[in-house]
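The same chain A turns up in both complexes below, where it pairs with chain B and then with chain C.
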Partner chain A sequence: MAQTTVNPPGSDANIPPPPDEQGIGARVLSYIFDIRFLGVLGQIAFILLLIVGAQRIFSNFGSNVDKLGRAQFICRDGRFAYRCAYDFMETQAGFDIDDTVLDYVNTDSFWWALTNGIVNTFRVGLLALVATTFLGTVMGVARLSENWLVSKLSLAYIEIIRNTPILVQLLLLYFSVILALPDIKDAIQPLNLPIYLSNRGLIMAWPQFMSSAAIWLAFLVLGIIQFQVMWVYLSRREEKTGRESNKFGWGLAGFLLIALIGWFISASVSDNEGLLIADNARIDEVDDFDTVMLSRAGINHLSELETLPEEEITAVTLDVCVLRESSSEANFVNRLARKGIPFKISRNGSPAKAMDNYVDGSCEMFAAPVSILAAERATLENPNDHIIVPIDEQPLVWSIPRFERFNIIGGATLTPEYFALFLGLTIFYAGGLAEVVRAGILSVSKGQTEAARALGLSEGQRLNLIVLPQALRVIIPPLISTYLSLMKDTSLGVAVAFQDVYLVSQTLMNQSGRALQIMIILMLVYLAISLFFSSVLNWYNDRVVIVER
Partner chain B sequence: MASVTTTTSSKPPVQQRGTFSKKFNLNYFLQDNISGSRGLLIWVSILAIVTVGLLVQQFNNAPGRTWVIFGVWAVAVLGTVVGELFTLHIGATRWLKENMFNNVSNSLMTLFLGLFVAIIGSGLWSWGVANATFDPALTHPDVRTFDGASWGVLWGARKLLLTGLLEPEHNGRVIQWTLTILGLWALSFIGTRESTRETGWGTWVRRIANVGWVLSPFISYIFLAGLEYTEPFIDTRRFILGTVLVVAVMAILWFFKVIQLNPMTTAMWVLAWPAAYLLWRGITLVSHNAEIFTPIDVDRWGGLLLTVIFAIFVNILSFPIGILLALGRRADVQGIPYWILWPIAIALTAWGLYTSTFGNCIGTPSFLCENVNLWATSRNTVEQIIAFWPLLIPLATWAFLRSFDGNFLQAFSVLFIEIIRGVPLITLLFMAIIMAPFFLPEDSQGLSNFWAVIVGYTIFSSSYMAELVRGGLQAIPKGQYEAADSLGINTLQKYRFIILPQALRILIPPLAGAVIGTFKSSSLVALVGMIDLVGSTKAIIANSQWLGLRTELYVFMFVLYFLVSSIVSWYSRRLEDQAGLGVR
Partner chain C sequence: MTAIMDGPEATKVSDVIVCRDVHKWYGDFEALKGVDLTVEAGEVVVILGPSGSGKSTFIRCMNRLEEHQEGRIIIDGIELTHDVRNISEIRREVGMVFQQFNLFPHLTVLDNITLAPINVRKWSRDRAEELAMKWLTRVGIPEQADKYPGQLSGGQQQRVAIARALTMQPKILLFDEPTSALDPEMISEVLDVMRDLAKAGYTIVAVTHEMGFAREVAQRIIFMDGGQIVEINSPENFFNNPTHERTKLFLSQILNH
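Then we have the complex of A and B:
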């Protein structure tokens, strides 16, 4: 491209000749062809074009809405108004969400169903985020390992995972791996831990907070404050006297001590848990179950139970009513299991149902918080024949899964869908993250490592003080965008029917026929997530950016 | 390691081959490998326990295989140790020492991973090969083997996998198209080989291939979508409009001196559209009379064909849009001045408050101003607040002026890119399919699902493209921009001749990544009901002949996607070499 000597009017108009040397026409021309003027004019034209386009689209929308009979915007009083676009969200949802941590029944409102979906999105996304960080780091470091086999295997992992679509991985994982696991009665139990892997997902022991946990948590907060105070105090002393001390060790010791004291205090002051039982059962405290059981079975020691035939054990088994998913169950069951007393649990949806079972004799006792029991006891025909036995509690009890009638109850369950989505996201994004971590580590030049060695720093110090601060600068920005993509890809849960916000919205659309309103909410949810991550990213970038010229 | 090499290099070894190593010291060895630090000790202990546990378990489960692995490992370790202790290293043992057995934890790791690979590998082997059947006749649930794969389904269901629901009589056209594209690719490949590059016939091959690529969209359209002839032969409006558009583009480019014109080139530009249009109509007429390229309903495309079409279509469409968005995002044009914006904003606010909030509908389109006395009809506090939505206009104006300095081009690009990148692709696809009917004219027949998905997908893809291109533009040193400015050339020239040629060269690797990404995520269209490669699974396994043979299909797709992605990334590395990236 040859440069001609005569410039077109637009290009050098930034430096117009002095106005008084020009004629009036040239002056007007020079303003019109000023690149700034043209720019503004172009932008205004662009805006007008957009407005015209938008107007067309929205007038189409308006007439389409008319055509659809305006059912989309009907108010509760039957009139039509755009204002009522979201009124329908208060009607009953009418569909089930199986996998949720909130209390949800299908008679709840659309709003509540959607909230459940949002919570599910975060539940799977955040856990996958943590796991991805871990797996990705391991794989990235493994890629740089001195061991040829480790390095090549992690290369194979990265290449295979990054070159195939996440959807196919997810489908393969769900249909061909997780649903192909053994039935629940042959569940895989790795290393005899209380973890069961089957085609119903992953069931594992899980801690449950009792009501006294509030006191204990208060003590934990106190412990953390203590840690801070201890740290500051020891640091100041170190500065003043030069006496070094193990700040972390002392702080931790203090924390553990406070936590332990808090544990015992909260366990001893709490009297929330109780057991409703007939007065004539001769049980005044939980320890009485031993003697009662012995006399029932006609044996001298509980260990002899095993020698009895099965039907005799069944005959003496305690029938216990509990509320479904209540922590009282875990608390009481753990106590009985520790003593080796045979029991059978029947789980009830509501206290009223449990009381029905209690009254008709299908369970001998009802374990629940004392407040519920007292209220229910008052409804009995002759309340004085029944007593409430207090049960000790600890702030935290383990709910341990156990077999009962071809099923496993107790513990926490990761449903196959949740498990597949979680694993699929983790495996896929860890592949990308491994490359990020590798690039980050390689970005620290060898000279830095050698200089650190020359200074006589230990390997740990070298990593903490020299390599990581420099590598993190490279790692963190792509790490955060990986997180963002991961959170967005939780929407792939629809492939395995995991009820996250996307699938719930889709169901809502089918139920209500109002696509536009729900689509807007869905978009806003995802935009909020992405806005959060990008503001974190910007904040970090502003902090660590290397200022160039 | 490092210290050992230093010693040997600074002091020449005086040791005889085959004598016991003088450097070996058991204490140091233990300290280096096991007891050096608490972390190392814990790590080695855990690794040892896990490895031995796995070994014992494998001895019980598969003794033969495990003996072989363990034997090989033990011999290799022994060889390395002997080589190390008695200074008897040969090439192999030195390699083993450096790469597999350089300390205790790595040696254990090697054994552990060897066992691990053997478990996975043998499982896959027995499922996929040893117990598998390959006969398409053996896929029915009554005759199927349930121990291994029934690969016969791939051959049996090849029609659905490759072209989905496309009518079988069009198969020939799809094959011809595939061969054409592969042929073009082969021509380019040959034309750009090192050996043929400089020769005369190599240049010709390259030219033919380039012309072929330019024509390929039309060739593809003719083969895959077919031609529908409608009267009249020449639509005067299209004929004139097209010519005017092409000439207008030419004029603008000439004005900004991106192209130069002589009578010959001017005639080419002016005649380009009429000639092309007449040719196209001619082909249409001929094909119509001879019934060669009968039209195909685009919604019948499916299987691998649809996946490939999506990938190609979306990449080709989103690249220019991406460049425009990236340029828009970097545009430093003069912003709209505040003294224009504020009066408009205030007027709009007042108008909004007057009409919408307080329901005085004068001169407002009827569909907007019906029952809209928002303040009077509000039912709760939230709606009372929403009633004052016009107050957002000054707020938005303020934010716009503050963040973008009145630069609407930039604001539009940034908002477009960030909003689209903020939502998942599947949401956009879903929206394109279900929302499109809302926004199309009432009397139109609506968008077919294929085109709706193409639109949604292109919007998504071009936002990502834009960010890639922006990265490329930023990678050009500032000096290049400044040098271009100091030459006194205009912006269009600057980008056309200085910036873009450099940026596009840098962009080859990320663009290849984007192409692979688009190809991979095109599988998501299966989730909105399209019958692409992944989506065809549903149709296949619903057939009683192939009931439930998901795994075989998914594994096939897994491998196919992997191969195609690998080929593309290999090809991009070749392009990169040819573009001389990183070579000065």
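Then we have the complex of A and C:
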């Protein structure tokens, strides 16, 4: 039986003849099936495919450009040149953007409109990114909680959110939650805070910097430097003596002290705010308003105002002119409101318009920065009949929303569109991030937790010092793609008509008829955003990963 | 069944571990079926037994890595209850060395050791590092202080883990099969350190399969099977003259293979 399978030593029965002794057919075949030859063949085939594909795309592009016509490339002087492809961007936009941070009017250029769109994209994207990180981490940790209710609630949240499309969630949020909020006259005001929630969005008190804020901010910077110095000094002392000290507490106390001193200094040195008023109004300083109001209403104390009939109050109400979007309004209005003096504000687009109202008597006074008032007073017929009363200012004033007729004035508004998009993105991506965080935490072995516990570390220390730093390595790569998706999905703002860069671009396309140029800009914008985020996060990722070995 | 059973009145001040009728269930499975043990200060106790006998579970109950459902465990006069203050107090006084070392891979050797003294004992970094270097020198690897655990051999990692436990200045040391995950040539370097600690008077409870170590170092040997203590004996009697049939079977299996 061994004869067939085992060859005696020295026999060549089971060894094939060398290749050059084989027949011609077998040799050709062995060249064709040579793995190196096949590899080169594959490369050539792929390059050919690429060339054919690129050629198709370019000819398609060329014929489309021809179809679009030379009108796409007309310079402003009427000549034709490809380099003028983007000249149309300098023409007037001609459409409104409701919700902008930068000053924008519809006579601004297409470029400026697009810039506002980009700012809006970042405004909603960055805030959603921060909120997503926070909510996602909390939900991911909650999912692993030993508390049954917490973990099941988190599970329900994650499963519902991850398994429904973000567009549906967004529309649901917008139409059946946010637009279903009460009208502005019945706005919800939680806990009597200066926050109003209505179908016009979220209106809340918002700090406004006055011109003296620059001095105060310098003090704040000084305070931060002080904090650092204090921290380093106390740490050194701690390491030397081994004596514990409350580094954070001392640093914070020093910071607050410097901030407070800075506040009073900048408030006392500033004299930028003023009030233009007729000399015969008998008002030389803000405190005179009390007496003037008392004599006008014929009462002895301001609190008696409430007892007067409404038309009498209307008669004595101060009519104040201010400039639209000026911080002088909040500063002056807060002063009157604190005293309980009734006032009516009329906002004007320019100093000249305010002065028209002042001259024809529809407002008694004009509150604005002193430099504007001085210039405007010089244009009056009898400048000496009018005086400029200085008004104190603090570096920061709260613009507090208040009801005026059927509207809420002042404060900052998050529009329903912004609010819906922000919430929608946050809720959706936090669901995905929660799973990423959970996977990261689970990737840290149970032994790590046991070692931390055996050493007596508290649960918080265990999470912060042991588990999260190790989980971070697993979390960061999928976190990057979550962030990128979130930033790109801000374009879903189109569903709720939030004017981000995508919706603005769409409008620009309709206005200009130049889809190709705008599409290219749009792609570059998103590409830049994505590359920026991924390079920052990859840099961070490299840093945390290398530490291990 | 149980060979030695101290009554409560037999407990002395020097008894640092007192376990009374400890029960532990995993669902329906009863892993510990009423275990009693008293360990004096400075005593070295080795727990032996076949796998699944509950010996690891038992010592892991002593610092609340596992929760016992019935019975009492009193460590250095503090009862192990659900009170988190007691739990953290006991964990501070009980050091543990694991089979898989469980060093923190993202921290250097020195940071691994000083983490708990700084964050739990609230020592200054200088003080913690001074003691850490002292222990690293004692376990023979002071030159590895700035490396990461992943760069060390298994035996070195386990010695770092021992230094980490000791820098917290615990009153009691628990060893949970400290040599089981090591290559044979590294076992002796870890056993040498443990022998050294036993001679220095530490209270040690060790679960191990190293019979030579048990015979040489232990003052008492505890044999567990099926979640119960079958026999408690001195090393000579345990190896040469076991009283219980189950013990004889176990010894014949491990000594005659």
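We take it that the second predicted complex is superposed on the first by the 470 of 549 C-alpha atoms of A that agree within 3 Å, B and C clash if a C-alpha of one lies under 4 Å from a C-alpha of the other, contacts with A are read in each partner's own complex, and residues count from 1 in each chain.
Going forward, a contact is a pair of C-beta atoms (placed from the backbone, for glycine too) under 8 Å apart; a residue touches a chain by one contact, two chains touch by 3 or more.
Given the structure is predicted, the values throughout are model-derived calculations rather than measurements.
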### Residue contacts on chain A - larger count, chain B or chain C
B
### Message
Quick one: is A:N163 in contact with chain B, with chain C, with both, or with neither? Answer first, second, both or neither.
### Response
first
### Query
For A:Q448, is the partner it touches chain B (first), chain C (second), both, or none of the two (neither)?
second
### Message
By the touch definition at the top of the document, which applies to A:A374: first (chain B), second (chain C), both, or neither?
### Response
neither
### Task
Classify the contacts of A:Q470 with the two partner chains as first (chain B alone), second (chain C alone), both, or neither.
second
### Task
Could you look at A:M523 and tell me whether it touches chain B, chain C, both or neither (first, second, both, neither)?
first
### Query
What is the contact status of A:A515 with respect to chain B (first) and chain C (second): first, second, both, or neither?
first
### Message
Per the contact definition in the header, classify A:G42: touching chain B only (first), chain C only (second), both, or neither.
### Response
first
### Message
For the complex, give me every residue of chain C touching chain A.
### Response
63-65, 88, 91-92, 94-96, 98, 100, 102-106, 115-116, 119-120, 122-127, 148, 150-151, 161, 164-165, 168
#### Entry: List of chain B residues in touch with chain A within their complex
98-100, 102, 106, 109-110, 113-114, 117, 255-258, 260, 333-337, 340, 365, 367-368, 370-372, 374, 377-378, 383, 407-409, 412, 418-419, 421-424, 426-427, 430-431, 434-435, 437-442, 487-490, 493, 497, 516, 520-521, 523-524, 526-527, 534, 537, 550-551, 554-555, 557-558, 561-562, 565-566, 569
### Residues of chain A that touch chain B when the two form their complex
1-4, 7-8, 10-12, 35-37, 39-40, 42-44, 46-47, 50, 57-67, 79-83, 145-150, 153, 159-160, 163-169, 171-172, 175-176, 180, 488-489, 491-492, 494-495, 502, 506, 509, 515-516, 519, 522-523, 526-527, 529-531, 534
### Message
List the residues on chain A that touch chain C in their complex, please.
### Response
238-244, 445, 447-448, 450-451, 453-458, 461, 465-466, 469-470, 547-549
